[in-house]
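Worksheet for the structure shown next.
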Amino acid sequence: MTDTTSAPATAPGFDEVFGKYKVRSLALAEAGRHQIRLAEHEMPGLMALREEFGAAQPLRGARIAGSLHMTVQTAVLIETLVALGAQVRWASCNIFSTQDEAAAAVVVGPHGTPADPQGVPVFAWKGESLEEYWDCTEQILLWPGEEGPNLILDDGGDATMLVHLGLQYERAGIVPPDTLPGEPDHTHEMNVVRGVLRRALESDPLRWTGIAQQLGGVTEETTTGVHRLYHLAESGELLFPAINVNDSVTKSKFDNKYGIRHSLPDGINRATDILIGGKVAFVAGYGDVGKGAAEAFRGQGARVIVSEVDPICALQAAMDGFQVARLEDVVGEADFFITTTGNKDVVRVEHMLAMKDKAVVGNIGHFDNEIDMAGLEAVPGIVKTEIKPQVHEWTLPAGDGRAERSIIVLSEGRLLNLGNATGHPSFVMSNSFANQVIGQLELFADMARPAEERQYERQVYRLPKVLDEKVARLHLDALGVRLTELSPAQADYIGVPVQGPYKPEHYRY
Amino acid sequence: MTDTTSAPATAPGFDEVFGKYKVRSLALAEAGRHQIRLAEHEMPGLMALREEFGAAQPLRGARIAGSLHMTVQTAVLIETLVALGAQVRWASCNIFSTQDEAAAAVVVGPHGTPADPQGVPVFAWKGESLEEYWDCTEQILLWPGEEGPNLILDDGGDATMLVHLGLQYERAGIVPPDTLPGEPDHTHEMNVVRGVLRRALESDPLRWTGIAQQLGGVTEETTTGVHRLYHLAESGELLFPAINVNDSVTKSKFDNKYGIRHSLPDGINRATDILIGGKVAFVAGYGDVGKGAAEAFRGQGARVIVSEVDPICALQAAMDGFQVARLEDVVGEADFFITTTGNKDVVRVEHMLAMKDKAVVGNIGHFDNEIDMAGLEAVPGIVKTEIKPQVHEWTLPAGDGRAERSIIVLSEGRLLNLGNATGHPSFVMSNSFANQVIGQLELFADMARPAEERQYERQVYRLPKVLDEKVARLHLDALGVRLTELSPAQADYIGVPVQGPYKPEHYRY
Amino acid sequence: MTDTTSAPATAPGFDEVFGKYKVRSLALAEAGRHQIRLAEHEMPGLMALREEFGAAQPLRGARIAGSLHMTVQTAVLIETLVALGAQVRWASCNIFSTQDEAAAAVVVGPHGTPADPQGVPVFAWKGESLEEYWDCTEQILLWPGEEGPNLILDDGGDATMLVHLGLQYERAGIVPPDTLPGEPDHTHEMNVVRGVLRRALESDPLRWTGIAQQLGGVTEETTTGVHRLYHLAESGELLFPAINVNDSVTKSKFDNKYGIRHSLPDGINRATDILIGGKVAFVAGYGDVGKGAAEAFRGQGARVIVSEVDPICALQAAMDGFQVARLEDVVGEADFFITTTGNKDVVRVEHMLAMKDKAVVGNIGHFDNEIDMAGLEAVPGIVKTEIKPQVHEWTLPAGDGRAERSIIVLSEGRLLNLGNATGHPSFVMSNSFANQVIGQLELFADMARPAEERQYERQVYRLPKVLDEKVARLHLDALGVRLTELSPAQADYIGVPVQGPYKPEHYRY
Amino acid sequence: MTDTTSAPATAPGFDEVFGKYKVRSLALAEAGRHQIRLAEHEMPGLMALREEFGAAQPLRGARIAGSLHMTVQTAVLIETLVALGAQVRWASCNIFSTQDEAAAAVVVGPHGTPADPQGVPVFAWKGESLEEYWDCTEQILLWPGEEGPNLILDDGGDATMLVHLGLQYERAGIVPPDTLPGEPDHTHEMNVVRGVLRRALESDPLRWTGIAQQLGGVTEETTTGVHRLYHLAESGELLFPAINVNDSVTKSKFDNKYGIRHSLPDGINRATDILIGGKVAFVAGYGDVGKGAAEAFRGQGARVIVSEVDPICALQAAMDGFQVARLEDVVGEADFFITTTGNKDVVRVEHMLAMKDKAVVGNIGHFDNEIDMAGLEAVPGIVKTEIKPQVHEWTLPAGDGRAERSIIVLSEGRLLNLGNATGHPSFVMSNSFANQVIGQLELFADMARPAEERQYERQVYRLPKVLDEKVARLHLDALGVRLTELSPAQADYIGVPVQGPYKPEHYRY
């Protein structure tokens, strides 16, 4: 079932002359600029990097292909990269997550007008088809003139994957034929990708070779994308150095925990207006996302039940005062079911059939298969009713001694904080994106070094702790935090530099 | 300044034939019905009253004039009154708070169609003018045929006030002339009310006498309305018994505290998308509303500073772990300023001029004068920019050694949970509204008694504790609460009936 | 079973010459003085009253018979009464609660020496027998010279009861004979009381008449004592005005809630050293004491299950995020069982037999019959082992398919915060005791008025709200609280005086 | 200043016949056995290891020299090692921390009697002198017969250090002379150590060579000890493999955080009886210990101010809702000052001079120099008064415009949870000690392998994650946790084995 509910009636094409996303209206760009201006105030990390590096222009010469949700916060990221000297082309990494006004404003740029756009080419709009999505992703890798991108900024790894797959097929001289439904590993999306690469191969049999040669590295935002990168590195196929931004403390411990604490109740409230206090909330998983989710529910007066497979995380949940149980043992007791695991089939059809009437089911982990939506659709006699966009009531037929009843599924099983609210707030993203910018700076500086002096090989790296600490440092003033300074004697006593880094690599925070 | 930003282009008139609000579309009524159906699930108190009293029809013969925010939850209240036998006419008590789809669905009724509406006359739409507002209020007191209403269900006391003022002018034989700006006590709204009453006096010089004779009582929802009622009772002017629903524990301790805990962050999030965690939140007042607000902020990871005038509440705030300070001493430190006092001039212009750039200011107490909006408008050189409806950036000119900066004001200083979100969730309102229904049942049953056996005089009453406990009892199952029962020996030991009430009148919960 | 474990080997007698408790050592008095000095710092309410009234000596002429746990905090209370001009005689209201060093220091007085005691006669020591206890209570009512006490300061009502019962028997001319075990209403303690009164009647047939005539009132600390007073007032038997200190907000909401939050985990920790975090804690009752207990457990990372009979309190517990269940349904799940109800037979033998091995059972409510200790002792084959004083392991024999197992009972079922720790901390008691002092001031000032101007009759009164607020006010500075002041316009707007009181009588805080 | 306040009048010597600590009384051993039995119930991890490995006796042949606080919990550890087949000799790692009854019970053993002790030689008692302490440490390394220990179980590294230093001097053929006060690096303790080693060298010039040859490894409990080990490993001096138990998640995240959350308020309460609620608590450091401390204070209703040098931890503190400030900026505001940093000179004299009257100062980090006790003593005119053991009032003279005032220092600046309470509760220690036992099993199993197959070299190792997870797993049942199991498909999907380990090495929990 393809959900086209929220797709715009007419998707915009590309600008033939200027190579940019068509700005549809002055009002849209102005509204976006307004929101960007407010977001800048909440993104002190990015603004501080502009302040620190704006004059030196350390990204002059960098050509960055960015694939990341085209939101207001991303607009501040893009314009920070530009302020540091980079050239940028951008696509979203999700067909639904683009905020069109942000995209419009970025195209126009802070100093341009809709008639004279001076911003950045953005290939993204809310409600792309899969075909459009991969066309857009291709566009950020095709630069006017002879040069291609020399850096990728990725979220989920689609841009990186396109380059690797393109080169693989190019070397083979052929793109495999499309698969049919029923064939092993068939997905519609893979056929779409192959279509893009087939056309590419036809038009330029050395395109990906050229692109790959110029690319000096990628910074990757997500667990999923990082997982792919480690896989490529292990098999020796990784084409360029990669910086794992996801595992910076200021990303994983902030975005995942504090971002979710904010955006989970926000999503539920906007979707359902149902009281959270006094209710029972089931949270699948007690990693960073689950920790943030459980804290958010508790902060609203809900009673939280957690499930876990990892005994350490389970013990943490218990010590934090939460009941830890299996879903099947408490499925009839909870009012909210939220998945945070990054795994598949966590909430299954048999669970959903056993829930209370009007139970709310949502996913804030990563994959839309955490909840078995396909299985739910396949229940005989089930009826799906749209309450409002991204909020559906699934009415389960009477049977097995139970009356007719219904459950509410948020965002079709996709990330509810993005689908039902506006994702993480700017301040949290300022942490994550400051890591991205610093990662790009690291890679680009390394590219400028003689080959024998380069620090980064075709491996996956985490940012050094001192840079992680720097990202944190950039966000303290905005929260009124006054840091204590070590005296040299104290620093010596514990064996660290006065200015950090302060902790061993394995420190867990 | 009148805010007409969100007013619909064309306000509907009244239906000449049927006396009802014009249903504008089938889709609207259907959407409303859908939401009502979901809300019913979250309002177990009202549904239990339908279950308990539906067959006996104890409100048969009751003609209820209702003035209360025309929301989805109120729709469930209205249809509960109808299910118990009452006839009902309804207006909203606020020009902005009507949810048009709820109004449409109530007019159509659960068993009617837009072509054949069988519901209740509703005189309310989102974005009324003050003139329209008071016309609507008049309409609920004018019933077809000879009979008028015999009960009022009020929120804020406007319907009650109209009757009292109407009768006063009727007895005087004249309505005072309109006041002019600059004259003492001049308000535009009072002139509008006088206009309504002047026309009424012209059309029927005994109208209010007749209406007052039939009225057997009022149930009142709010602190403000109750305050007016006690005033009338003390001066001997109260025309009929009044039940103070506001001070039922299941209203004041639930609506005010737990409702706010939910709807305050909801309102802030929908309005601003700004991260709450890590920020400093200033909450003016630590009554029930302030307690809910402070808990909500803490639950999201904010640091909360409370101000109080009452030393007992101040001590509670300190014992609950909050800093207690004066606004002027911490005004440069906070990111959010929320008023919960029910008093005026709590956040004043001198405070707003001293706030940090992009500080967020909102009111969730009661009166829109908690924040001195008039003073803010009068600041020379100030610029107001609408970010989106109900969210405005006020740019303060540079001066006094400070750069240009701006603050964000929510809902123009009116209740932000109603203006920026959807008010309290259904479950909370189920508590409050169950008190309303029980209050109406009490008054109507008393009216049926011989005069000498009546329990209620022209005074203000709180519901007996046993009914307060009943309201609570109706909401326990939905939260999975299993109550312990006293044994007769235990009940005897502490000197209470087995079935309650369990506490002395002065018990504070 | 009488617990004499902690009784001193030789109890002191009364000083024949000086009429005072025998100070046993300089070291004891010095240790007590030290602790008193530290406690004074934590009792700003009492110290502020000394500051305010020390010069005026408003209690000059007051002769106060005090019956209240003879602790360090009570020492500060006693010396405050003396500082305000009163003469005082003191007994404890509990056979175990006296801190001997505090008693010794009070006898010596701040300016005396053990050789030349200049303090107050104190008839109390740790580990009195029941006979000694009632002798001590009699002593505080027998003053040297012709005058008796003119005020009682009571905790639990024993001193008040002795006067009422004495007068009743005196009027009847006879004390009823002792009852025998098995006779209705037989208790050993009642026979002890009758013995005291029988001897009194023999020595002076008008003693109680004289005492009752001089008494101008009582201030009472506890729910239990207040309950007795209301009973006497209703039956017209109350001999003098009574002030119900227990129901001041600054007593009930502070002592009961915040005091328990502190002293419950303290008692459990000192008794057992068992980790609270991660465990399941069952709290019987969600009144003020239960609220404090539940918050304390949650604050330590336990999961809390609450039981309630009152649906309003039950709903509060649910809305605060706690599971609400019946004891029998969760008895096998919890690690701690704490009673806070003030009722009897809350934890019964059948419950204790069903608990997990090494479950901890304690009472922090009021009566030692909240846990059925008598029933536990009567279990065939049960073995009681003292782990340390006030901590006993009860080994339950194997049977009913269960292996041998044991439970840990704290303080023999009596108040565990007093038995296993040191009761409430000074700051909390400063609130309660400031109410006591203010109550004494009220009553004594009223006694000085001409009869026709007196405000207090033979009824039970709560302190006026303005004095309740005053008590709170006296404790704010110590917590760094800065109060906001109403402007006259604001005070007028909400209809209260600028200086308070601020709330209607029925306000619940 | 040497604190001998709590030292026993006569310290016991060693048993000449049996080589054991002299059991002073049957009562002591019985009391200890009782407490051990209760502790076993709270140490499910150790008991499960006895269950799993008791029959196989995997430590048969292991001769373990243990140096770790000789408490009741350690008794359960020792008897677990014995149950797995090991021979054991034990000393404490702290002169004050021995619980004599636990030591006595361990010597007697679960199956022995005081007349016929069958337990383990324990060289420890409460209140050792430094000379006695190092004699005891030497004793655990000297085994009867020819064989020495083949494993060390260490806490702080003193036993490990004695071997390394002994061998170093032995190789040099001489122990350096004692230093004098004033000479560089002079400490009294180092001279004591040299004395021990000098006598050793005289009695047996090859003693440490022999011991070092037999030793197969050490497991180390603490940050400090681990720090020393990494130092030795880096310089190539480490004589045997070392397992860093401290950095197991189930140690560092549980002991440090949840243990402190429990034992910090416990220590403060037992020491001072001062109300925590409503007060301001300053916590220096927001590592795991600081996180536990801050949570404990908040759970009791205190307002917490945190200081940090690490910007990441500072940002975490802010996001968790705490104020982050420098000590000097808030020193006059706080009521409690608690150090958790592991650094020195954190609370300095200038801070203590600026504190409020009766401020409470304590350390729960690690080193007693976190608070500058030496500086405090050196303040001219300062007076130290013992309130009770481990609680001292330091009266600061008037001056600099301030009146005479005093501060309360807990445990002389040493760890207050050990000094003023009983340290961490058993359940927490069960986690830490299960890591110790598993570490010993790992090392001993490796020693049995042929040299070429050994996994552990002369380096410092953390336990593999799967063993860390195992420790957690052993503690779940006791908390009622029911773990969810991955299906094979799910495990495959995220690329982990069904039975774990589940997380990458750098995962932070």
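Should a chain be cited, it is by its letter among A, B, C and D, assigned in written order, with residues numbered from 1 in that chain.
What we mean here is this: a contact is a pair of C-beta atoms (placed from the backbone, for glycine too) under 8 Å apart; a residue touches a chain by one contact, two chains touch by 3 or more.
For reference, the UniProt names are A, B, C, D = Adenosylhomocysteinase.
From a predicted model like this one, the values you see are computed outputs, not experimental measurements.
The set of chains in contact with subunit C (Adenosylhomocysteinase) as well as subunit D (Adenosylhomocysteinase) comprises A, B.
Two chain pairs, A-C and A-D, are weighed by contacting C-beta pairs, with A-D ahead.
Between the CA-based centres of subunit A (Adenosylhomocysteinase) and subunit D (Adenosylhomocysteinase) the separation comes to 43 Å, rounded to the whole angstrom. One finds 59 Å separating the Cα centroids of subunit A (Adenosylhomocysteinase) and subunit C (Adenosylhomocysteinase).
Counting partners per residue, subunit D (Adenosylhomocysteinase) has 258, 277-278, 298, 301, 315, 318-319, 323, 479-480 as the residues that reach two or more other chains. On the subunit D (Adenosylhomocysteinase) side of its complex with subunit C (Adenosylhomocysteinase), the touching residues are 34-35, 38, 41-42, 258, 261-262, 265-266, 269-270, 273-280, 295-296, 298-301, 333, 357-358, 385, 387, 393, 421-422, 425-428, 479-480.
Residues of subunit C (Adenosylhomocysteinase) that touch subunit B (Adenosylhomocysteinase) in their complex: 227, 247, 249-250, 252-254, 258, 288, 307-319, 323-327, 329, 342-345, 462, 468-470, 472-473, 475-476, 479-487, 489-490, 493-495, 500, 502-503, 505-506, 508-509. In the complex of the two chains, the subunit A (Adenosylhomocysteinase) residues touching subunit C (Adenosylhomocysteinase) come out as 277-278, 298, 301-303, 315, 318-323.
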